[in-house]
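Listed after this line are the structures, all set down as structure tokens.
One chain, chain A, links the two complexes that follow: it is found with chain B in the first and with chain C in the second.
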Partner chain A sequence: MHLEYKVQGGNFSKAGHASGEIKKVLKQLNLNPMVIKRIVVALYEAEVNIVAHAYEGDIIVDIDDSKVHVVLNDRGPGIPSIERAMEKGYSTASPLVREMGFGAGMGLPNIKKNTDELNIKSVVGEGTTVDFINYL
Partner chain B sequence: MEKQSPSSIFHAIYVDENQCIGCTRCMKICSTAAIRICNGTAMISNSRCIDCGECIKACNFNAIHISQGDLQSIFKYKYRVALIPAVLFGQFKLDVTHDDLHRALLSIGFTSVYEEELSAEFQIDAIRRFQQESDIKPVISSFCPAIVRLIQVRFPTLTENLVLVKSLIDITGLTILKEAADKGIDPSDVGIFYITPCAAKICAVVSPVGDEKSPITGFLNMDMMFDRLSIELQKIKGTVDPSFKRKTSLTRTEVKWSLTGGEIKHAFGRKLSIDGIANVIEFLNKVDDEAIDDIDFLELRACDQGCAGGILTQGNRFLTVEKLMMRANKKAVNKRHGPYYSDITYDEIKVPTVNPRPIEGLDKDISVAIKKMEQKQEIYKMLPQLDCGCCGCPTCEAFSEDVVKSLKPLSSCMFIQVAFNSKNDRGKEIIRKIWGDSKIVEELKNKLENDN
Partner chain C sequence: MIVKDIVTLLDAHYVNNSGLENENYDVAFASDLMSDVLTIDIPNVLLITGLANIQTIRTADMAEIKCIVLGRNKKATPEMIELAQENEITIIECAYSLFHICGLLYNEGIDPLY
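Here is the complex of A and B:
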């Protein structure tokens, strides 16, 4: 099963909307609630990352009977050092974004914690792809 | 209709098929999508209903009822205890005193009166211990039984956030039995009857969550008791009874406990109180996504204004709150520290666990469920997405789900019907006039035929 959603950068009032929709779908598939929870938490973090840092992005979800595969592509500034971004508390979020309660530097570590396989590719000045898999 | 799941789930709400005309109001308001219209009347799903009572508030035809307790049944017991929630006081005028209310209950036939909130201190203790002993955030109050059931059904992973403690009704019930035992009274001679402000608390009494049995014997509905007490209060008005001495009285904390904000003062850290089931769901959705992770305690109540808004209360909820606040702020309020009866241990009031019971998905087999999900989304695209309710489902989304579960034929949708019926040009014309071209998807007929 294949799902696609668009995410708009900077639109904080809509942040989490796609995650919510995907959560609804997952709940109906009779998956283990703890599995759903991990996916949704990772997805929400990654969606907010696009909203907070990028201009625009999309979320592609593929589900089969063994795994949920999520790919988030964005067009944005990219991450200069993925290694540093994976450190807890490291954030490049602007003061404005932090004021809104985002950008605590827990995004990528939290995604890592809640996924089985995580792959991040980024080109500075072009964008970032976050690709993760959770097994059912 | 959805398959009825374990009959062990007790519900206090039922539809009167003679009164119900299938108007869809209850179906549309239901927060767990538990209602469908079938053969002209509303049907409530056993596994989804959480007894919040919103459907009753929405019904214009007095067609949804709540199980009734029988006042005569108290006379089977030698010791007849009325267990009353503080909101009962808020139903009467301010000149009705605490003494008056106790006297009225005794003259109806009870032999003693206790207030539900007398053991609120035990709950404070349980909440604080739970907060200290776990690193769960947010800890969620288990005071409102409709909220506990909502979490079991719609937010199964949050069941572990609930404070694992018996209900206030049960702890006070335990108090009553212990006090009776101290006096050498045989517990089988004691009948404890809870005067309930809502349907969910009936369920809490009849089948407590996470616990096998409640010490409460039965329940009496507050609306019925309000009428009965009003008569009795008239009789005793202006009279004095020199032999009467009231045994119990409430502290300020206890009077306010069941109102919105009654609990949070006593919890640690950052805390919020939220009332009204739609507000609660909105917030729990965020908690469920872990979009909110820095709140320590949540006090959640299904009814607006907490128990003052209970479906069986007679008074206006805002006035009830105002009257209870007046009572709480009186100088004469009890200054007792600790619970009314303290000889109860934490182990006696703990409950082992609250089991999640999530709404069943599309299929037990994941690959089948995925296929059905794809079908469901295809079907949903064809539907008018007006959520008109004419098919007997609350939303077009719920309808598409019922269709893939083979609970409803696609032709139950009026718009699909008109699109399929090649002879009904007049019907199509009317629909086009109101809704434009987009709601009649004639191509879908061909598409469906090709698919099959």
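Here is the complex of A and C:
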């Protein structure tokens, strides 16, 4: 199964909408609830990151018998140091992002905790790709 | 402690009742930071928060939280209530501070998550 969603940067009222829709599909497929939860927590944190930091992005989900593969691409400022961004507590989020209950530097560590394989690539001035796999 | 007794204890009221009045809660977690809430990895946790925006409900949905107490007299917005209805999440509004809410619930035997 292949799913694609668009994400609009800066639109906090819609942040998490795509993750909510993908969660419904995963539930309909009767996947293990603990696996679904790990996927949607990682996905939601990554979606919020696009809304918080980028101009726009897309989410691509491929599901087969053995795994769920999620790719989030954004057009945005990119991450100068992925190593620093992975540190708990490191954040460049705006006050608006913090008002929404995020921006405490826990997003990428939460994504790592909830995924089986995680690969982040970023080019400053162009954008970021977060690619993760969870095995079923 | 069941939800309807929590409502009475906190002198609170439902703004969305998804039929959990008799659901029992043994564990609660209080935070305004949604990334913290997303670290919860056990089901059936009562969320106590002063953050009243749409991300509170989105986070509850992702974290499989079915009952939220909004403290500090925070009010749920219409879009929060709509999303809570769609996902069968109960929202309770309470005028007490989070510290006060936590103290009352702890006194009645509800445990912290950590």
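Note that the second predicted complex is superposed on the first by the 136 of 136 C-alpha atoms of A that agree within 3 Å, B and C clash if a C-alpha of one lies under 4 Å from a C-alpha of the other, contacts with A are read in each partner's own complex, and residues count from 1 in each chain.
In this section, a residue touches a chain if its C-beta (ideal position, glycine included) is under 8 Å from a C-beta of that chain, and two chains touch if they have at least 3 such contacts.
The structure displayed is predicted, hence computed values, not measured ones.
Q: Once chain A of both complexes is superposed, is A:Gly107 in touch with chain B (first), chain C (second), both, or neither?
A: After superposition on chain A, A:Gly107 lies in contact with chain C alone.
Q: Contact-wise, after the overlay, does A:Ser13 reach chain B, chain C, both or neither (first, second, both, neither)?
A: second
Q: Tell me which partner A:Asp65 touches in the superposition: chain B (first), chain C (second), both or neither.
A: In the superposed model, A:Asp65 contacts chain B only, not chain C.
Q: Looking at A:Lys23 after the superposition, I want to know if it touches chain B, chain C, both of them or none. Which is it: first, second, both, neither?
A: A:Lys23: touches chain B and chain C.
Q: According to the stated criteria, A:Tyr44 is in contact with first (chain B), second (chain C), both, or neither; which is it?
A: In the superposition, A:Tyr44 touches chain B and chain C alike.
Q: In the superposed view, which residues of chain A touch chain B and also chain C?
A: In chain A, positions 16, 19-20, 23, 33, 37, 40-41, 44 sit in both the chain B and chain C interfaces.
Q: Touching chain C in the complex: which residues of chain A?
A: 12-13, 15-16, 19-20, 23, 33, 37, 40-41, 44-45, 48, 99-102, 104, 106-107, 110, 113
Q: So in the complex, the part of chain C that touches chain A is made up of which residues?
A: So the residues of chain C in touch with chain A come to 32-39, 41, 51, 53-56, 58-59, 61-64, 79, 87.
Q: Mind listing the chain B positions that touch chain A in their complex?
A: Chain B residues touching chain A: 156-157, 285-286, 288-291, 356, 358-367, 369-370, 373-374, 376, 401.
Q: Residue numbers of chain A touching chain B in their complex, please.
A: Counting only chain A, the residues touching chain B are 1, 16, 19-20, 23, 25, 27-31, 33-34, 36-37, 40-41, 44, 63-65, 136.
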